[in-house]
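Each of the two complexes below includes chain A, the first together with chain B, the second together with chain C.
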Partner chain A sequence: MADEMKVDMELDLKGLLCPLPMVRVSQNITNVPVGGILKAVATDPGSLADIPSWARSTGHEIVKQEQEGTDFIFYIKRLK
Partner chain B sequence: MPGKKLETLAGVIDAKMNRQLKLYLDICARCAICRDACHQYVTTQDVRYLPAYRAELIRRIYKKYFTKTGQFVPSLYEGRDPDENLLEELYDVMYACTGCRRCMYYCPYSIDTTWIQSVGKAMLLAAGKGSEMLTQLADAAIDKGKNIDLYKDIMRDVLKTAEKEMQDKVGDKEAHFPYDKEGANVLYAALAGTHSILPAAIIFHMAKEDWTLSMFEAANYGYFLGDAAKAKEIAGRIIDEAKKLKVKEVVVSECGHAHRVFKFFYEMWAKEKLPFKVSSILDKVSEYITDGRISVDPGKIDIPVTYHDPCQVGRNYGLFEEPRAVVKEICSDFREMTPNRAKNWCCGGGGGLVAEPALEEFRKTTGKLKVDQIRDTGAKMVVSPCENCRLQLDTLNEHYKMDIEITSMIDLVVRALKT
Partner chain C sequence: MSGDLKKKVSMVVFSGDMDKLFAAFIIATTAAAQGNDVVMFFTFWGLRALKKKVPTGQSLFGRMLGMMYGGDINRATPSKMSFGGVGRWMFKKMMNARNVESLPNLRQLAIDLGVHMYGCQMSMDVMEIPREKMIDEVEGCVGAGFFVEQASNSDFTLFI
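Right after this comes the complex of A and B.
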């Protein structure tokens, strides 16, 4: 459950278009500790594929993904 | 750095050598006309951003390893090893260049600095020192290509909202975004996000085009990275889709570099002739209006409007008049920037720079010429058919408090479209 998950940092990516949501996530993933969670909220539908693809190719993990209205919310666990 | 590694890095030049590169490396007259042609040098006065100097970094390695005079007396001929210092300098200047090729336009020998820089980027990649951000973006695109089945349904579901907007705009509840349509005339390669899909879908619908939507974004960060293998793989996702669907034409969204990749580079990388035509959405819009397949309200926009020639659309593809004709049809108060067309100043956002957070301040500084150009027109709206340009213009608009509207061509057309 997202509300039980400890979030170490939250990123507001609303209104940003590709590639900026991915860029901001990449920039900030090192701001959470290894094993920590970065929560990112985007509105660009492209991020639905882009952020999970980025996570897989860089060795991080999307532990939860949800949608609230037009917001796409990603919980990204830093693995390294 | 061990001598063997230096030789390996210098060998990158050899691997990429052809008559064109040899000519560029041999003939620079050091006239420095490019000094006044490069927006980065003009705005920073930093010699590292002088196009001739950028090329000179590679030329010095070339002299040391590939010319007899440079081999025997390297110091006299400024021969250099691709050592750590030089690689660091290469990184700073190669990944800061927007690839606008304005320097080539003014160079009396038409030396293509971006071509020489592609050697520098290849050398950096061989040394494991390519741009980390561009690598991540390129790898994510490749990963998406390998796992597209995971996203197809999610994407189509999300696009239903945009589909509804299209239905409302065209007044047809049966209008849909077509997917995986075999034998369609057109495969449309959009950008990630609905902003490049919805207006194009409305235009295709009104033109009664037989089209289908690609699941892949056209943007290609492998190209900006300077990694031809990755760039080919990223573009190859759409190429394979087009072949599988047996479409007659791939139409690329308003993305200058992506269009050039499909139009000019892919066949060279893949050593194959593509079995379909490649066009820009700008070509199609112009064609639809000329052929009467869509029509727009003349003079629909009456505020002052100017047009920014994206370098990859104008100078590097040659599309100047067609987009202007469309803008002039829709906008009653059209104002040209000076200079324009092939001499237009780069906005400062191309080459992947908008994806490099470390270069944000640099982009603001080097975009000042574009800001002045726009302000001089008095325009309240700028039309620019390139995503990178628009992202950069957004940054400039905010930073310099320009108070202008920035729009794509297809958004402008939809605004004036007679439905």
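Right after this comes the complex of A and C.
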């Protein structure tokens, strides 16, 4: 893909259920530099609501979100 | 979000039921992960969530209580369909099959995320569960006054 963005860290959240996908994202966001991208791959449909909520309340940004089969893929930009 | 003023959540955990403890720890870990300062105040049956797996009680009634309602967080039974422990076994199996975290793991996660846990001193006295029979991570044994102060400074408060 031509517009592939630079990913600083990839997080495998497959098989995890609420609240773990969101919690793991919150624990790992500091492992990427400010302005960096954390890619998270989850299979829990609940994470579709939870991870954006986490981003809104903590002040980070989901710059891209896509679905591949049963995988929900979030590209999360660390803003602070 | 400015992040200057930390949001805060406080919870009274009154129930020692397995299902309600799940709700309490899931909300606590979620709130902590979303950047909240989280305070959990465990009282009465909820003290089970902080207890070690040791016998409790000194007086006759205290020891009876310790025997009839003994054990640690793993012994919590669901509020419905308990069937003398069969319900707990069934729910553990069903949750395991779905890869849901166990209660002790969720409690550990809450500790790792910096959730503050307090025991209610008065129920500890009544139920004869001293501090040394609870997990080391308990930050203190406090009264309602402490909780009300925390709750007054919180963005939301739950009673579970």
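Just so we're on the same page, the second predicted complex is superposed on the first by the 77 of 80 C-alpha atoms of A that agree within 3 Å, B and C clash if a C-alpha of one lies under 4 Å from a C-alpha of the other, contacts with A are read in each partner's own complex, and residues count from 1 in each chain.
Keep in mind that, in the parts below, a contact is a pair of C-beta atoms (placed from the backbone, for glycine too) under 8 Å apart; a residue touches a chain by one contact, two chains touch by 3 or more.
Quick caveat: nothing in here was measured; it's all calculated off a predicted structure.
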{"item": "Chain B versus chain C as contact partner of A:Ser26, first or second or both or neither", "value": "both"}
{"item": "Partner chain(s) touched by A:Ala49 [first = chain B, second = chain C, both, neither]", "value": "first"}
{"item": "Which of chain B and chain C A:Gly15 touches, first, second, both or neither", "value": "second"}
{"item": "Which superposed partner A:Gly35 touches (first chain B, second chain C, both, neither)", "value": "neither"}
{"item": "Partner chain in contact with A:Thr58 - chain B first, chain C second, else both or neither", "value": "both"}
{"item": "Common interface residues of chain A - those touching chain B in one complex and chain C in the other", "value": "17-20, 22-23, 26-27, 50, 53-54, 56-58"}
{"item": "Contact footprint of chain A on chain B as seen in their complex", "value": "133, 136-137, 139-144, 147-148, 150-151, 154-155, 158-159, 161, 191-195, 217, 219, 221, 354-355, 357, 387, 391"}
{"item": "For the chain C and chain A complex, residues of the former touching the latter", "value": "1, 3, 7, 26, 29-30, 33-35, 98-101, 109, 113"}
{"item": "Interface residues, chain A side, partner chain B - complex", "value": "17-20, 22-23, 26-27, 44-50, 52-54, 56-58, 70"}
{"item": "Residue ranges of chain A touching chain C (in the complex, touch as defined)", "value": "15-20, 22-23, 25-27, 50, 53-54, 56-59, 80"}
